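The structures considered in this document are given below.
Two complexes follow with chain A in common, the first pairing it with chain B and the second with chain C.
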Partner chain A sequence: MGRINQIYGCLVSLLQKCIFRILSVGPIPNHIAFIMDGNRRYSKRLNSMEGDGHKAGFSALKAMLKYCYEFGVRYVTVYAFSIDNFKRNPEQVQSLMDLMLEKIEGVLKDESVFNRYGIRIIFSGNLGLLSEPVRSTAERAMLATAKNTTAIFSVCVAYTSTNEILHAVQKSCEEKWDEIAASDSSDQDEMHHRIKLTDIEKHMYMAAAPDPDIIIRTSGETRLSNFLLWQSANCYLYSPSALWPEIGFRQFLWGILNFQRIHFYLDKKRKQL
Partner chain B sequence: MLSLRFAIPTANTLIPSKNKPKPGLVVQSGWNQTDLLSSLPKRYDYKLQAATADLTDGRASMADKEVELPEGLSRELMPKHVAVIMDGNGRWARQKGLPASAGHEAGVKSLREMVELCGHWGIQVLTVFAFSTENWIRPKVEVDFLLSLFERALKSEMESFQKSGIRISVIGDSSKLPTSLLGLINEVEETTKNNTRLQLIVAVSYSGKYDVVQACRSIAERAKDGQIQLEDINESLIEQELETNCTEYPYPDLLIRTSGELRVSNFLLWQLAYTELFFAQELWPDFGKEEFVEALSSYQQRQRRYGGRHS
Partner chain C sequence: MDFARQKRMLCFWIDKIGNVLFRLSWHLVHAIIYLCYFTMGMVYGLESHLISRGLLRKYKYLHISKINYLAIVIESEEACRTSNVIQLLQWVTALGINHICLYDNEGILKKSKDFILDKFDRAILFQDTHENNMLLDQPCMTLEFVSFSDGKEAVARAANVLLMKYIKSGAAGSNQGEQIFTESEMSEALKTVGSGGPEPDLLLIYGPARCHLGFPAWRIRYTEIQHMGPLKSMKYGLLVKALYRYTMVRQNYGK
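Moving on to the complex of A and B:
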């Protein structure tokens, strides 16, 4: 029985590789972002503990990462924990933090996997809001994979887009403060030249990655929930109705196909700007 | 499954749900047409029956009557602020073999209808994406036509806005707009500023990123003048400096984008943090009452959690 499963697994894997080969004739998205929504609903549906939903969600995440990197997507970003999620029941928050800590420590122990594929991990967000053990473990994981250059995996934790923009605005004002304070004129145009779009953009938590090409939000909800608002200006928004732990190859494939269909038009627009 | 013609059905998204909403959501609005007719003196009947076309009757005609909502919609769950990306005028015109200008004219008609519906159904703010900073790269002929269309529409509708109690605000980078248009915008904003029925915000030469950058500049100015310290910069300060500070409800509850495109295109980025997005397949000139009802009922069925949990 185990042998048959093995053979089946190999065939599926081979088929997926073939499909990727065919798809890569068309444009490959450079950056895909995921809003991993629906873990709790999944565990409710299975009548199991909430923690099981998150664990199943983690397996789904590993599978999606595998598809992305095998297909050649260089940047993958996930919305792991929003600043708004701190509002939840403290037990739920704690169990999510514990799960994250466990997984990051797992990465540190087995960092050869990330190093083998050349994947660098970045934790984006207001890390100061995290508890000490989680934050320091996250920082260690970032250091451990810092030299990798093939791909980047951004985990947005203690993140909201409005907080990210706020932080960028604060940093831009601070950076230009000496110039601003020293200038005598109250000329509006001068301020125009001092603070530019690029000044704000370079202070974003997500500055290390280009804008996403696709944002996939599972469980059928169509809203961004304060995720990558700035970076999603011209990004394809895809919301399959599957819950996050149910997401699989089918949804990934569909997202890629649709992306390729509209890519030509979007690319033309981007070049014009 | 792999056919590109058929999307994988997604709830509330690509193919708007045609299901009737759950009975629990339908709440009878306070008064319906028949009650009104029987209780008021006869001389008011003609106003009620004249419906939306009768704007010359004075402010009272639109402001007083409560129009019955279409079946399935509840007044309590109406979004306070609806934003619309009016996409598809060009494609509509091409499909009919007409020039792009005809598409934009048809778009204006569609907008007029939507403004009326919003006024009747208790939506307080309607923001429309008329012209993006990125649209400046379009052919000059088209850009000039769009700006002159906007000017003409403002001039011709100014009186009816007054009568219908609609307040107009214009947001966007005014530095690139012709002076005649700027003057007209100021005049219209000034004239209608006390109206309370509906606020129509028109985004012209606007982009979400531009809005944040100009807010950052204003904040830097204020810090320079000593009004605020750098440490005081917080989310609510940015919110105050964004151009949507002209309204009491700066955050849209619902964003509708027509023509089937699945992206936000740099419209109201900060303000869209928790906005429900609805992507309609129809092109903007074809987006009418029925399609709007579909979008609203999809909105009313959604569960909004703002990052928290329901139970």
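Moving on to the complex of A and C:
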């Protein structure tokens, strides 16, 4: 039985490689973002504990990351925890934080995997809202993988787009104030010290990654829920009906094929900006 | 030597043939997908016809009151089809939605705003309403025209308003690292620069792709986004279906 499973696994892997080879004739997205929606509904459907849904969700995340990096997608971003999620039941929040801590510590223990594939991890968001153990572990993971340049895995935690924009505006104001304070007192020309769009963009939490090409939100929901609103102007929004723990190769393939269908149009729009 | 050369030639030709086969396969896959979408288009066309005739019962009664503010994003190349835009607005108002925001990236619709407003009795520009939060009480139709300059560029202008406030407050430089502005202050600053419209409940995209084309980011936090296809192929029945789908959605807002 084990032998049959092994052969089956090899055949599936070969088929996937063949499909990726065919797909790579067309444009390959540089950056894919995921909104991992549906973990709790998945638990309810299976009549299991809520934590089981999130654990199954983590397995789905690993599978998606594997497909993305094997296909050649350089940047992957996930919406792991929104600032709005702090409004949940404190036990649920704690359970999610514990799961996150466990997984980040797993990364630190096994950092050779990330270093072997050259994947840099970045935690984007208002990290000051996280508890000290989670924040310091996240910072250690970022430091441990900082030298990797092949691919970037961004985890948006304690994140909302409006908070990101506000933070970028605040940093721009502080930077301009420092410029004004340091400038010659006779040089009070306002135009020199106005905040420009480029000033705001460089202070975004997601400044290390280009704008996403595809945002995939599972569970069939069609809203962005305060995720990458600034960066998604010319991004294909894809909403498969599968719950996040159920997402698989089929949905990934369909998202890529649809992206390739409209890539020429979106690329044209991007160049117009 | 000769054998090594032959082996290299063989590998070269296998590689070439392989590339041609992969390329053909890619085109074949996309041709099949094109046919699938073409078939789906015909099915949606039939469905739209049935909805328009009132033959599909579930679409007969819409809870339109759930939609306080509707946004319509139109691809700029199609935004010059003013007659289609007016027809679409007539459908929307006939269904009972009176507060609408029209967006196109390049501001083509802004240039036609007077012409569009003339086609509707008692329609006023959103910017002319006195208080945004009095919007729901307005009995007449309000139309807002928005473009890319009301998005990211407006945030930059609002940032300068906040910068002036920051400098004038005297707190500048003394509390680096702390939060000095709130989201409400940002919203107020956006209103000050003329880009402070309400958040739409639903955003309909008329264009080739499901993509919001730069609609002001600050305003679409929890907005449902639905893709309607190109404006030239717009159908009344599909509009009703999109509104019906929205009325069936339940949001947790992160909870």
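Details
Assume the second predicted complex is superposed on the first by the 257 of 273 C-alpha atoms of A that agree within 3 Å, B and C clash if a C-alpha of one lies under 4 Å from a C-alpha of the other, contacts with A are read in each partner's own complex, and residues count from 1 in each chain.
By definition in this document, contacts are C-beta pairs under 8 Å (C-beta built on N, C-alpha and C of every residue); 3 or more make two chains touch, one makes a residue touch a chain.
Here the structure is a predicted model, which is why all the values come from computation and not from measurement.
Under the clash rule set out above, the superposition-derived model of chain A with chain B and chain C contains a clash between the two partners.
Contacts of A:161 after superposition: both chain B and chain C are touched.
Contacts of A:178 after superposition on the shared chain: chain C is touched, whereas chain B is not. In the superposition on chain A, A:197 makes contact with both chain B and chain C. Once chain A of one complex is fitted onto chain A of the other, the partner contacts of A:16 are absent, as it touches neither chain B nor chain C. When the shared chain is aligned, chain B and chain C each come close enough to touch A:225.
Using the contact criterion defined above for the overlaid structures, shared-chain residue A:26 touches chain C, although it does not reach chain B. Within chain A, the residues touching chain B in one complex and chain C in the other are 82-85, 87-88, 160-163, 165-166, 169-170, 172-174, 176-177, 180-181, 194-197, 200, 221-226, 229-230, 232-238, 257, 261-262, 266, 269, 272-273.
Contact residues of chain A toward chain B in the complex are 40, 82-85, 87-89, 92, 160-163, 165-166, 169-170, 172-174, 176-177, 180-181, 183, 186, 188, 191-192, 194-197, 200, 220-226, 229-230, 232-241, 250-251, 253-254, 257-258, 261-262, 266, 269, 272-273. The residues of chain C lying in touch with chain A in their complex are 22-23, 25-26, 29-30, 33-34, 105, 148, 151-153, 155-156, 158-160, 162-163, 166-167, 172-173, 176, 179-183, 186, 208-214, 217-218, 220-227, 249, 251, 253-255.
Against chain C, the residues of chain A that register as touching in their complex are 21-23, 25-26, 82-85, 87-88, 160-163, 165-166, 169-170, 172-174, 176-178, 180-181, 194-197, 199-200, 221-226, 229-230, 232-238, 257, 260-262, 265-266, 269, 272-273. Chain contact summary for the complex, chain B toward chain A: residues 1-2, 4, 8-13, 134, 137, 207-209, 212-213, 215-217, 219-221, 223-225, 230, 233-235, 238, 261-266, 269-270, 272-279, 302, 306-309.
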